[in-house]
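Right after this note come the structures.
Below are two complexes that have chain A in common, paired first with chain B and then with chain C.
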Partner chain A sequence: MITAGIDVGSLTTEAVLLQDREILAYSIVKTGSRARLAAEQAFEEVLEKAKIKFSDVSFVVATGYGRMGVPFASRQVTEITCHGRGAAFLSPRVRTVIDIGGQDSKVIRLDEQGNVVDFLMNDKCAAGTGRFLEVMAQALELPVTALGEAEREARRAAEISSMCTVFAESEVVSLIAQGVPRAEIIRGLHRAVAARTTALVSRLGLVPEVMMTGGVAKNPGVVSALSEKLGVEIFVPPEPQIVGALGAALLAR
Partner chain B sequence: MAVMEFRKFLRDLFEGEHRKRILSSPLTYQLVERALKLARGSFPSQASYMMARFALAQTGRAFSRRVPVVWTSAFFPVEIVWGLNLCPFSPEVAAAFLASLGFAEEALDRAEQAGYSRDLCSFHRLIAGAALLGYLPPPAALVASTHLCDGAPLLFQNLAAFFRVPFHVLDVPYRADRDAEAYVAEQLAELWRALADLAERKPEPAGLAEAIQNSNRFRANLLEVNELRCRVPAPVRGSEMLNYLYLFFAGQGSREAAEVFACLAREIGRGEREGKKEERFRILWLHLKPFYKGELMDFIENKSGAVLAFEEMSHVYWPPLSPGDPFPSLARKVLSHFCYKPLEARTATVKMLAEKYRVDGIVHFSHWGCRQSVGGSLMLKDALQRAGWPVLLLDGDCLDARNEATGGILTRVQAFLEILAERKNFRVGERHDHCRN
Partner chain C sequence: MGHRRQGNPPPVALIRCRQGIPIPTVPTSLKQGLLLFWVKEWGLIQGFEEKRLLGWVCSYTPEEIILTLGLTPCRLSGTDENQAADDYLPANFCPFARACLNEVLGMSGISLAGVVLTTSCQGLLHLYNALGYFSRKREERFFVYLLDLPRWGSVKRAAALQEFASSLRLFTEELRRYFGTEWSNALYLENLARLRQVRFLLRELYRFLREHPGRVRAAGVLELVRAAGRLPKEELIPLLLSAVRCLEGEIPVPSGSRAAGLLEKLRPRKPCAGPRLLLVGSPPPLSYVDLLEELGGAVVGDDFCQGYRYCLPEIEEGPDAFLSLARGYLERVPCPRMLAGQERFVYLSRLVKEWQVQGIIYHALKFCDSSLYEYTLLRDFFSREGIPVLYLETDYRSGGLEQARTRLQAFLEVTG
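After this line comes the complex of A and B, so read on.
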């Protein structure tokens, strides 16, 4: 049986095809302004990659903030349950999932069976999310995907005192003007994201093992800053962005 | 006229530039009472109709200026005011009412302009703004209790200065021993005499004894309702009970408030209240709910398959009052609130209610700025989870819709219901429309 999961996030939309608990293919597209189009595009792409037709797919589950706008999904499940399910599938020993997406961050607690037992979600403020890093990357005139690499040369971290995206941006601009090396500014930003995330994790309680998912997990600078701050090792799956869609595909029955 | 239409009627009536004049005219309430009678058949029950009628009549009375109006804070023992036949007015309930009609923003903005911080509880901000806008009946005095809600005495003191009327505070110690009881009782006796002066007459013990008896009837009838609510499926939804806020905050001591719950008990007893056909999840609800028209309560009770089986507010925590010994018994009532004790008391009460009403999970509606309910919520959650209950701390606001991101709050509730679904071995993430009934 082939099932599909579609995760319509605020910045990107992912689709995963699953057959007998094996990932057949996945796709990642930009969400843009219309969730429905993004879902269709991601789905078409993943079908094409796996060289199968829509009719070969038995069930589709949609997740993510745009989950209600996926007309071809048979059910909708929240991203919290899906991330939990996807993470437990990838590593059954995971008890804490930290998901930092485009516009929100979540911490999810799993039990031994991989069921979600508790969660916290910050969606009130862009601080500490992918969007925060994107704005800072713009100020630094770098693509957001280059931040992790660009941090490597840093010998210390610049002090970023504000977590508000708007104020932090002007802080970054003035640090650049003061001649602070870019790498140090980036390390400072990564530490700021880690501090913010640590506060959320601490509220829920840290139980190892820890997995990080979502687009921001692709930034090794954030992962190591967070790992240092939490004092635990953080496991990042090979493609952290598709964990929600994977969970949705697992739930599609 | 359906209930929704009745609300629309009120909204249309109060809409526009003459809001202040219309809201503060006693004639308005006569008109509204007539409209209410026309809408009678379409209220979900006789009890909810009675409650609306009572609250509107009292609001009309408050604006009539024929009787001194006493503003009382949410947890003040209002029996004292009923016992003097004065008109109690609960500004917290008025705030909820204005928000339910969609008029919160104007008053909240007005309060902010006057310097009330956005960090304050929106009940208090809305009250301040509505008072400044002239939407509330002018008080002859304000009384606030220091227990539970620590913002109320400060706000009331401010408003007393604004209205140039006396302000009385009931200082409630944070311990429930004999000394505390005597101290509170003494203040209550003094307050009773001070409020009697407003009406320029001698306070009558018989009047107070009658209010105490009414309050005991209220208690007994509510207890009966609560027992009947153990039935599965739940005969009364929590969102309806939370609409009886007026009775809890301003009605205890009146004949009418007791009658509303007697009527509700009869309705349930006669089987006139049918539960939901499909009750997938039973929830125990802590603290209040959003009163503005939003999607949250509609989603939970009409679309998700969940039902608020019981809510903290309706719990009868106090012993019966003694008509012959009114002040010490009212003092005991005030001092026995389970939230005005070390957190273990609230935890134990919540656990007891969760078991009694056989709920699947507990939701704490964490109202922005409410220190008394939100303050210990993380520890409360921890203790309840250790006892095996799934708990959701749902951040929101009862009145200020600007403090709520609808998508986020619904996702949290859905994710919580998915946790409950997994525990009950239901398929996770159904389409929700089939649950409507």
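After this line comes the complex of A and C, so read on.
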């Protein structure tokens, strides 16, 4: 049986095809302003990659903030449950999942069976999320994907005191004006994201092992800053961005 | 009208309030002073007018007293249809108090003769200050009263009881003097009986809700409780009675009647067969309660001051009306502001067992200290009992409903 999971996030949309608990193919596209179109595009792309037809797919589960707008999904499940399921599938020993997406961040606690037992979400503002890093990358004239690499040259971290996206941007602008090296500003930003996330993790309680999912997990600077701050090793799957869609595909039946 | 006395400066606290600066807590002695200032300086020197609606907010305000003095209690539940409160209270302040102020200012004194507040929390204290200032600016007289409410903690309960009884006595005295009406024992007993009936019928509605959660809209029940605090009781009782009997299937729905309109509000929008939920915390925006049911959650009850707790005071007839009232209101399960130790959790835990609750939604209004303090303790208590608790914060409006959708749905997935 082939199942599909589609995760319509605020910045990107992912689709995963699953056959007998094996990933057949996955796709990642930009969400843009129309969630439904992004879902269709991601789904078409993944079908093409796997060289199968829509009719070959038995079930589709939609997740993510745009989950209600996927007409071909047979069920909608929240990204909390999906990230939990996806993480447990990738590594059964994971008890804490930290997911930093484009728009919000979540901490999810799993039990031995991989079921979600508790969670916390920051869904109020973009501080400490992918959107935050995107805005900062823009201010630093870098693509967001280059932030992790660009941090390597830093000898120290610049102090970023504010975690509000708008305020932090003006801090970055003033650091640039002061002539602080770009790499140090970036390290400061990564530490700021880590501090914010650590506060969320502490509220739920840290239980190892810890897995990080979502697009921000692709930034090694954030992962190492967070790992240092939490004092634990953080496991990042090979493609952290598709864990939600993978969970959805696992739940599709 | 020319009722305003010229050249009499408003108290300092009220001037600062208008500029949107948070005001420090007013000490009790000063509070009484301010209160007497309003009543004596503005109330008593002016002629009595035919205005009989008295606004009230806190569930420790005895409607029995208001009714006995010939006034109609009108519970405020706030509105965001206007933003008139912006002139008086800062934006980062209790959204419920702000909404109530919007409501009063929106009425522009057409029907409201005044408002009684309690010293229950910072939100209501500052609402009192703002209303005091508002009343001073008005041409017409407006009764603003602050009812002293002692803490009903785990110690010194006898003293608290006496204190509340005497503050109820003082309240009655001021109402009597301001409105020129007299206390009648016979009328008091009549109102006692009426309110007892209202509360009983509302509890019946709640019983129906927990026995058949999919068959009645929880937000509709909350809406009805809010309305119960402002509708004339003699009209409300037959209306509630026929609504309950219709729901139970004892009588058919009388078409076109007010009861039919009421039942329409109680009609569920979607069947909900998900986990049984108890709602706790500050009064929520009703759209969130509807969203919970839309997502399949079965709301079986609540612990809101504008909800089930309104239906709980049991007042005995007793030789001293004020002592009986004080006892009835204070001995009801305390509100979070009372910081009454474990009492609330033991009570909620009993509800959880009796009502077969599978999850608790804790709603906190933004900037509400009482809820924020209680939430952490409550979460610890129920995590030991194995009952999941979800924290939900709103600004008493429908904004952020879509973010809440994920949070609530995920909670139902975890609980279900």
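Basically, the second predicted complex is superposed on the first by the 253 of 253 C-alpha atoms of A that agree within 3 Å, B and C clash if a C-alpha of one lies under 4 Å from a C-alpha of the other, contacts with A are read in each partner's own complex, and residues count from 1 in each chain.
Everything that follows uses one rule, which is that a contact is a pair of C-beta atoms (placed from the backbone, for glycine too) under 8 Å apart; a residue touches a chain by one contact, two chains touch by 3 or more.
Computed from a prediction, not measured in an experiment: that's the story for all the values here.
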{"item": "Side-by-side fit of chain B and chain C on chain A, or clash", "value": "clash"}
{"item": "Partner chain in contact with A:F119 - chain B first, chain C second, else both or neither", "value": "both"}
{"item": "First, second, both or neither for A:R36, with chain B first and chain C second", "value": "neither"}
{"item": "Chain B versus chain C as contact partner of A:V77, first or second or both or neither", "value": "both"}
{"item": "Which of chain B and chain C A:K49 touches, first, second, both or neither", "value": "neither"}
{"item": "Touching partner for A:V61 - first (chain B), second (chain C), both, neither", "value": "first"}
{"item": "Intersection of chain A interface sets (partners chain B, chain C)", "value": "65, 77-81, 104, 115-119, 121, 123-124"}
{"item": "Touching residues on chain A, where the partner in the complex is chain C", "value": "65, 77-81, 104, 115-119, 121, 123-124"}
{"item": "Footprint of chain A on chain B - complex, ascending", "value": "378, 385, 390-391, 405, 407-408, 411-412, 414-415, 418-419, 422-423, 427-431"}
{"item": "Chain A contact footprint on chain C (complex, rising order)", "value": "388, 400, 402-404, 406-407, 409-410, 413-414"}
{"item": "Chain A - residues contacting chain B, complex", "value": "61, 65, 74-81, 104, 115-119, 121, 123-124, 203, 251, 253"}
